[in-house]
Amino acid sequence: MTGDRPRPRLKAPVFEIGLKGYAWGAAAVRLAKAADRVGKRLDVSIVFDPQAVDIAAVARETRHLLVFAQHMDPVPPGRGVGSVLAEAIQEAGAVGAMLNHSERRMSLGDIRRAVERAREVGLLTMVYADSPDEAAAVSHFGPDIVLAEPPELIATSRSAATEMRGFVERAIELVGRIDPATIVMSAAGVQTPDDVERMMALGVGGTGSSSGILKADDPVAMIEAMVGAMHRAWLGAHPVASAGAVDGSTRGSSR
Amino acid sequence: MTGDRPRPRLKAPVFEIGLKGYAWGAAAVRLAKAADRVGKRLDVSIVFDPQAVDIAAVARETRHLLVFAQHMDPVPPGRGVGSVLAEAIQEAGAVGAMLNHSERRMSLGDIRRAVERAREVGLLTMVYADSPDEAAAVSHFGPDIVLAEPPELIATSRSAATEMRGFVERAIELVGRIDPATIVMSAAGVQTPDDVERMMALGVGGTGSSSGILKADDPVAMIEAMVGAMHRAWLGAHPVASAGAVDGSTRGSSR
Amino acid sequence: MTGDRPRPRLKAPVFEIGLKGYAWGAAAVRLAKAADRVGKRLDVSIVFDPQAVDIAAVARETRHLLVFAQHMDPVPPGRGVGSVLAEAIQEAGAVGAMLNHSERRMSLGDIRRAVERAREVGLLTMVYADSPDEAAAVSHFGPDIVLAEPPELIATSRSAATEMRGFVERAIELVGRIDPATIVMSAAGVQTPDDVERMMALGVGGTGSSSGILKADDPVAMIEAMVGAMHRAWLGAHPVASAGAVDGSTRGSSR
Amino acid sequence: MTGDRPRPRLKAPVFEIGLKGYAWGAAAVRLAKAADRVGKRLDVSIVFDPQAVDIAAVARETRHLLVFAQHMDPVPPGRGVGSVLAEAIQEAGAVGAMLNHSERRMSLGDIRRAVERAREVGLLTMVYADSPDEAAAVSHFGPDIVLAEPPELIATSRSAATEMRGFVERAIELVGRIDPATIVMSAAGVQTPDDVERMMALGVGGTGSSSGILKADDPVAMIEAMVGAMHRAWLGAHPVASAGAVDGSTRGSSR
């Protein structure tokens, strides 16, 4: 892996705001600016993934957000009409890419190659897994974040705390054995600040929300409440974490 | 189809510069600005398709280019991580989208739904077909342009004039029967201005090049030479075309 | 197309029994034998599509059924692990293949190539289309049957007669313009013999059922009742059809 | 996993004859019978994967072969036109299925679900991986065999012994850490009995060939020569293996 470029520093806890196709253009930028202020105030890593076409505007208008592409292809520069090229999203301001989301599945080989391509150019990766075993599987490729969620809970309001406990704990344990520096997140079914709190209590390194924020009456207020809840839960569990690096809670260029 | 929004006006002849993953960021914008000047000077429609992430910058820095996305998904706003949303590319400045390129195949149903979604929001569409029969097939969905090319010639220097004559003439004939307003283009194997001329002589409403331009020693000079060759060939075949609308050579909001 | 091998004779009306994954092995063979007796008695073309693995047994145990594969890939002999090869299903006793079903989408190019491969080896094809425009589109490739159905009605009991009238009539009209020899069928939402009757009244060349038969208390009795209903409806509309070939109601080697 | 059905016993070394689309029907059965005799004589596990449509005939005509499907889908009985159903291939006589071959990629989630479905019904699984890291990844799902091969060597005659040494040794090491009972195989580029010997010297639990056998002047003689070479190499490295179970070299219902 010599030759891989340094990547942005990533520090747990991480909150992901996945825009999917719920917001775009000026609305996406407005939301990004609000999230940027919250992230700065609480010193929390916020991953924000807009439509590819909005990456440049979001990156230009924010300073603290970690702007991620919603997908990236494992292709090198050259042919590949319609592919999302690592170099292109990076030059536009993205610092990472989501891979293999349940709404955008990739083959096993493509996941590995995309993580490698990201590392070559210096992009972070968040790889989705829909079971603890898959979380373990993808952690062999060296992603920065594994997002482990039961797909049947995504975009629902079924309680993570009751339905996902075993799922999340098992994912954390398995990934930790393979690469303890990987941040394990889970976010399915997170619709309220209380859901955030319950999720954090399971020991994850981060959480997030899409429909919970984007369908809220006041999305900005919801971001503030959710990120605040995550921050408090994290401080409760990691009293010194906000003051600096903690084993297993930082990740980045030093890898 | 009531409720479909007006689309940008499109006039043959059309020249397509497909960036694929050959150029991005500042290099893509530089090329776009050069193409913009050529398109304006010769009053030719130039379709320019950058990486999705570069659409906004290219649209902002040019005035005459028809900026197309390299791909668009047939999804409505909402869920769909990693999908390319019609509304999002449009707000960023795209006026159209390429669909079903041989390097980004779509299912039959998705092609139809994507053309319909584009029409709803007022985007043009260029649908790729790799045989005359497929060109006829997709013309039932009402695309603005059908790009008919034998995939085995893409990115090669095998001569269109000798190998594709029957292919192209048949595509023009079949599409013309179904929807005479559709512009039929072909561009595979176009590497020089001479290739452009030979292609136009087959009766197409446009042509283009990717690797022929992007691997040229001087891409800007190549754009000028190729678009100039297309313009001369078109004027020779359609003496009054540059002065106004010609049956079958315009397309757009009036449809 | 010289060199294409003769295909089995196909005569409207056609009734399709799509097993999907509802029945297999001995149960599939039992159902096939029952369908075979009904088809023989009423002199009706019954297309029966079992799992690929059951094609040989079904073909061996029946004489009148038209055994179709549920899917076929557009590949030539050689590489392609996991592909369904035209020559292989034919040697096992299949006389045709379903292509592009809504539960097994194919790219536009693959549909065309699969229809061509089928014709080369002498197999019939039934191509699925989920809109009248797609029915028109695929009819350019020369399939023997187009199965036009709104995917949202498949496996439901919503009435075809009220919801699909315009859809079906439009598909018949469009396909008829392009290739009048193509049989246009529709089967979504067919759960009872009455549904069969109503569907036939729309002018289709055939219909069929999957869940309506396979979830019935007595699948064999349901086959008899549905095929009987189709036969009566057809005779009512085509008084001489059972006595011989009628323009547009036969198809096959003479093409 | 209570409730999973017992699976056939599998014992290293394993030789795989992947028919792909090179042979089918009567020719496939002839080859299967020859392989069956060789497997019996040398007491070697031979995995034989014909076209799905030929599984029943091959299973009926052989006694010692382990008949595998070339692909299986992770679907339950019910809907799914064109899917390969676990229960159906099993009733036809298959004892296992290949998954995720480089010519038939699956998403990460589908690989896991297919391995689970196979275990539910009592089928063995061989999962393809195109890098040591992917071999480690899929071993979390509990497959019986991992087939680790660099895709660029498949169907070539580039020497495994020189080009793949590090690749194969690393795959064996990584998989062994996660599940030592998993058999690790590698077969890309195996075109001669010498290639078999060199591959076995790397420590694999099996190897195989597709084009090396199917394009040979005398495929049956080539099977004999290759399986013989594997058998000798295995005996040399595992003096008592042929006499009974060895730690890590058996796998099956006892799991």
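A, B, C and D label the chains in the order they appear, each numbered from 1.
Basically, contacts are C-beta pairs under 8 Å (C-beta built on N, C-alpha and C of every residue); 3 or more make two chains touch, one makes a residue touch a chain.
The shown structure was predicted, so the numbers you read here are calculated from the model rather than taken from an experiment.
Peer 1: For chain B and chain D, what is the smallest step count along a path of chains that touch one another?
Peer 2: Contact-graph shortest path, chain B to chain D, evaluates to 2.
Peer 1: Using the touch rule from the top, work out which pair, B-C or C-D, shares more C-beta pairs.
Peer 2: So, comparing the two chain pairs, more contacts are at C-D.
Peer 1: Express in whole angstrom the distance between the two chain centres, defined as the mean CA positions of chain A and chain C.
Peer 2: 47
Peer 1: Measuring from the mean C-alpha position of chain C to the mean C-alpha position of chain D, what distance in angstrom results?
Peer 2: Chain centroid spacing, chain C to chain D, equals 36 Å.
Peer 1: Could you pull out the residues of chain B that touch at least 2 other chains?
Peer 2: If we look for residues of chain B contacting two or more partner chains, we find 102.
Peer 1: By the document's touch definition, which label belongs to this structure's chain graph: line, ring, star, complete, or other?
Peer 2: ring
Peer 1: Show me, using the given definition of touch, all chain pairs that touch one another.
Peer 2: Every touching chain pair, ordered by label, is A-B, A-D, B-C, C-D.
Peer 1: Mind listing the chain B positions that touch chain A in their complex?
Peer 2: Against chain A, chain B makes touches at 18, 20-22, 24-26, 49, 51-57, 69-71, 75-85, 87-89, 91-92, 94, 98, 101-104, 155, 211.
Peer 1: Note which residues of chain A are touching chain D in the complex, please.
Peer 2: Against chain D, chain A makes touches at 100, 102, 105-112, 129-131, 133-134, 136-138, 140-141, 151, 174.
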